[in-house]
Amino acid sequence: MIIVMKKRAKQKDLDSVIRWIESVGYRAHLSKGVERTIIGAVGDERDKVRLKAAENMSGVEKVMPILQPYKLASRETKDGNTIIKVGDVAVGGPKCIVIAGPCAVESEEQLMETALVVKKAGASMLRGGAFKPRTSPYSFQGLGEEGLKILAKAREETGLPVVTEVMSASDVGLIEAYADVLQIGARNTQNFALLKAVGLAKKPVLLKRGMMTTLDELLMSAEYIMASGNDNVMLCERGIRTFETAMRNTLDISAVPVLKDKTHLPVIVDPSHAIGQWKFVLPLAKAAVAVGADGLMIEVHCNPQQALSDGPQSLKPERFIKLMEEIESIANIVRN
Amino acid sequence: MIIVMKKRAKQKDLDSVIRWIESVGYRAHLSKGVERTIIGAVGDERDKVRLKAAENMSGVEKVMPILQPYKLASRETKDGNTIIKVGDVAVGGPKCIVIAGPCAVESEEQLMETALVVKKAGASMLRGGAFKPRTSPYSFQGLGEEGLKILAKAREETGLPVVTEVMSASDVGLIEAYADVLQIGARNTQNFALLKAVGLAKKPVLLKRGMMTTLDELLMSAEYIMASGNDNVMLCERGIRTFETAMRNTLDISAVPVLKDKTHLPVIVDPSHAIGQWKFVLPLAKAAVAVGADGLMIEVHCNPQQALSDGPQSLKPERFIKLMEEIESIANIVRN
Amino acid sequence: MIIVMKKRAKQKDLDSVIRWIESVGYRAHLSKGVERTIIGAVGDERDKVRLKAAENMSGVEKVMPILQPYKLASRETKDGNTIIKVGDVAVGGPKCIVIAGPCAVESEEQLMETALVVKKAGASMLRGGAFKPRTSPYSFQGLGEEGLKILAKAREETGLPVVTEVMSASDVGLIEAYADVLQIGARNTQNFALLKAVGLAKKPVLLKRGMMTTLDELLMSAEYIMASGNDNVMLCERGIRTFETAMRNTLDISAVPVLKDKTHLPVIVDPSHAIGQWKFVLPLAKAAVAVGADGLMIEVHCNPQQALSDGPQSLKPERFIKLMEEIESIANIVRN
Amino acid sequence: MIIVMKKRAKQKDLDSVIRWIESVGYRAHLSKGVERTIIGAVGDERDKVRLKAAENMSGVEKVMPILQPYKLASRETKDGNTIIKVGDVAVGGPKCIVIAGPCAVESEEQLMETALVVKKAGASMLRGGAFKPRTSPYSFQGLGEEGLKILAKAREETGLPVVTEVMSASDVGLIEAYADVLQIGARNTQNFALLKAVGLAKKPVLLKRGMMTTLDELLMSAEYIMASGNDNVMLCERGIRTFETAMRNTLDISAVPVLKDKTHLPVIVDPSHAIGQWKFVLPLAKAAVAVGADGLMIEVHCNPQQALSDGPQSLKPERFIKLMEEIESIANIVRN
């Protein structure tokens, strides 16, 4: 942390800031400039957020952090990239993987039909929601455990590992019993009780970035999971909320290279939720592969206009097959 | 819902949209303009979000909702304002109430000292966190049940009802045993599992708006709680996330009159979390009262630079006393 | 500026950063922490933005500014508040002034009728657009010089000084010949050619904040005007663009105390453009006065649904009279 | 436009809205639903923004536009894509073109060196600013006409057409005399006086999207230029302002396919200004080509840390050469 003193701060203000820094366990390093005196607080950075309280002291203009508060998720802590194994699938390795399936499990028939389609087209994993976070209490809330059973059956049938969302700390055990990857949804990115719970689980976690979460906050949420003991965290960019209303959310494509610069964890992109309209999913999928994403998450439905959720953005099977073909040639270029 | 057809949509596209609207349980109402044909879908609006799936159909340009999807929270459902009784305190009535106290319960001594100060200055309720949602896993996470016991003791001592945050569905029972109002924090505004859980509780809920929650989404979250059986929901504006970095968050002061136009629920403002700097809390508190808020939530700490959290925005006792005096005269004008 | 080196930066990286800092005219001040070495660049801050280029150098993690780049607009440069005299009106003094009138001058009859109304209700200045910045080229673009003549006539009739917008550097002379205050609109906040032109004018400037202008950028725009020789700049908060769509823009009420902490210039609030709906203008006007604004800008139209622009947010005369009454009692409290 | 009446609107409210719609030149089309009556206003959409004023009328809940207000820029008006010829270069055709060069023309030597580099690497056009819009009045403002002369000399030397920014309506003639493409910068996207002026010019226009401009507003700004007589408008996405601070701006990659769905005009992407850091320019350039952009705009400087502006994001020559190679193979896939 760096504490910037006001231009007209008095010597006694400076003295009491220094005394206070020392009283909370840091060393003070003074630096006098032409217009400002700044004080560095040297010591363990991890709980330095407490030092922000200096802003309440006389003569202090502002307090600026120097280091990132995440450690386990940082590239500084680990050389190379984390590769997460899910069955035979390696996330974060040379192959750009594709997780596909419907937004929600609606019935065995619906899921099985889609699972076979995405398997055949070359997807690496199957997605499908059993517990659905819906903005409205009157919308379809998912089939619950029944949905998990259908997902497990689809895995048996197709061999595809299964990704599904967990919405509550108390459901982690149940979902871990059926699924291969535990998904944390965009509205729970900072649900710290849930993060701690999946941190204790044995299965890998797919952590979606919230619509309002900065990249540093996303990494702090990954840090929660890792600090609880689970190192297998995949990050997922799925669009952020901005002033633009022409699309559902703004896909933050730059998040991919910026995250990969900051962390060793794999980064996945979900263009379907970001854009919210099927006709733009294909170009965005190509962009995500070109920018260097380790994987894609794509919504596919055999009959989108009958879908109980996310119909507008779901691809029909033939469009998904086309997507798989087009991204492959781009992946061949950028991932070698 | 209104479905707008493309300029060059064909008659068969129109026919299949109409057939589909009827197949999912609505009636279609056709209207041909100079440049566009639009189709109204008439029927129960509550799950009309499904109709958005029409955007996947041939010839459809866009699908526009006409009604709000919340019912119980809407002014259309209930005449007059909801007044929530917490002990002797009436939230939403003629008096602008003030909830004050430290960000976190740090010790019995710290809480008790602050509780007596805010009581004496005229606060209506005491706040204090026992379970703290912190961005970093390395920051102070609260005293847990020990903190709840200290809060209960402070209530005994001062007579002030106690507001504290619940972070997980499984903690609702525990917290309800000690607290008078259950607070849902800004990072859990759309934690639907938690909303359902507090919907089953008997105590009133203070629902904070998320940093990127729209007002309609906030009302849908209130609707979740109400649809589960708990009608006593106070809404709380606490700043939204915008591009501006000069303050911690942007206090959306307009949210107060706009919410009060849409809903019968009381609306509270938390300027401390919004602005993040103690020196701007007083003018914002005055603005909140002037704009018509039913209450304020203010962070107070007897020794802010030693606070384990939110030190920069906590008021010292003498500043809080001044605040109580200054808002009173404004409240006298605007609330009569 | 502070240059933060990467954790694993080499000594030769450090050396070349120091050499480079000196080569562009600054002194380097080294500070070694536990995990990072940081280098302060000491010297004239005003064009330090050039130092950002260090981010392109080997071993550099980031470059952080310490000082604000504005000088003339800063409280550090001038004690006390700037009070701007416009005829008999003092902006920034003890009285909270009100600028009122229609969005656009539509005809002599329309302007004159409104001018008399706002004068009688106690407004201090008259607003009205002769050159209108409209999103659509097909919308009413204003009466041009004809509108300016009508404004001048209304000033003669009522004694109210006149505020009107200037859209182009080449129009500054023309508008200065008729108006008392030159308004820079929200879409021109960073039209630097125009800022330089009004900086050379003799009349005071009302500088609106852009919808996505930070407070520091707004002050830099004021600095452009002041650096060109015109010290009489009033700042105007008129709502910023955020993710929220329930209102036209989000009134950033915190901008008022934060600006007044940073600058000696007067700060005005325009709730009409911010909220975009007449029924919320009154509570926001009260909030603006309570938070400490030096003035308000309010749209008034005698027949809003016939207005050629901004009908939805214009107050009818009787509502404006009520507003003037209600804000007066709040102003009496907060401005003494 | 569709006017939605309140649930409890009275018959006389409905009647007066209908009368008013007819009085301003539209036909009213009534549609009664279960919970709402809605009225369509049928007629010329272009100035329908005036109909928003109905929100000031009794019984009206809201007014919703159905059509986009741009015509000339819309795909509905023109089949196929607009291809803009600049010398031998065709923008919007099968080839993805690259405009490269320094942020600002600093000297003849600097520009000429960079021009030869980008020419050799395969760029199609040369960029360089002679009039620079800078946030600070104390920063380098460009060489002015001297810079234009240097640009013209570089064109002679290399054969590359020249793109440079015009900041003021009064400079259009001067710049047209030297440059091949007139650039409108991000802070002038809604400088309507300037848009009209370049609309009268003969040279093509490169219109940058503002940091706060929606796609519909960007198209309205293009409409201004086209309505003034200049059909040769290239749109340029260069990052928008959001809450995320890890990068300078958020590149809105989805803007490319969404714009190309709405308009026949070519769409260019400027990753350098969006991200603000050279090390992320390459992956974003690849993403832009993959998503379907018609061209790229890239900042190149032979000595970035000595650059007078935008040093942090400028590519050194060798990195630019690598970029040209890598995007070519992606362009070969996506543009066939």
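Think of it as A, B, C and D in the order they're written, each chain with its own count starting at 1.
To be clear about the criterion, a contact is a pair of C-beta atoms (placed from the backbone, for glycine too) under 8 Å apart; a residue touches a chain by one contact, two chains touch by 3 or more.
As the structure is a computational prediction, the values presented were derived from the model and not from experiment.
Engineer: Go through A-C and A-D and name the pair with more C-beta contacts between its chains.
Structural biologist: When A-D is set beside A-C, the one with more contacts is A-D.
Engineer: Name the chain whose C-alpha centroid is farthest from the C-alpha centroid of chain C.
Structural biologist: With centres defined by C-alpha atoms, farthest from chain C sits A.
Engineer: In whole angstrom, what separates the CA-based centres of chain A and chain B?
Structural biologist: 25
Engineer: Could you work out how far the Cα centre of chain A sits from that of chain C, in whole Å?
Structural biologist: 38
Engineer: Using mean CA coordinates as chain centres, what's the gap between chain A and chain D in Å?
Structural biologist: 31
Engineer: Can you list the residues of chain A that touch 2 or more other chains?
Structural biologist: 212, 241-243, 245 - these are the residues of chain A that touch more than one other chain.
Engineer: Considering the complex alone, what residue numbers of chain A touch chain B?
Structural biologist: Where chain A meets chain B, its residues are 20, 24, 46-47, 49-50, 52-57, 63, 69-70, 133-140, 167-171, 187-188, 190-194, 196, 210-212, 217, 220, 223-224, 227-228, 241, 277-278, 304-309, 311-312, 314.
Engineer: What does chain D use to touch chain B in their complex?
Structural biologist: 2, 4, 7-8, 29, 31, 33-36, 38, 40, 42-45, 64, 66-67, 76, 241-243, 245
Engineer: Residue numbers of chain B touching chain C in their complex, please.
Structural biologist: Residues 212, 214-216, 240, 242-247, 250-258, 261, 274-275, 279-280, 283-284, 286-292, 326, 329-330, 333-334 of chain B touch chain C in their complex.
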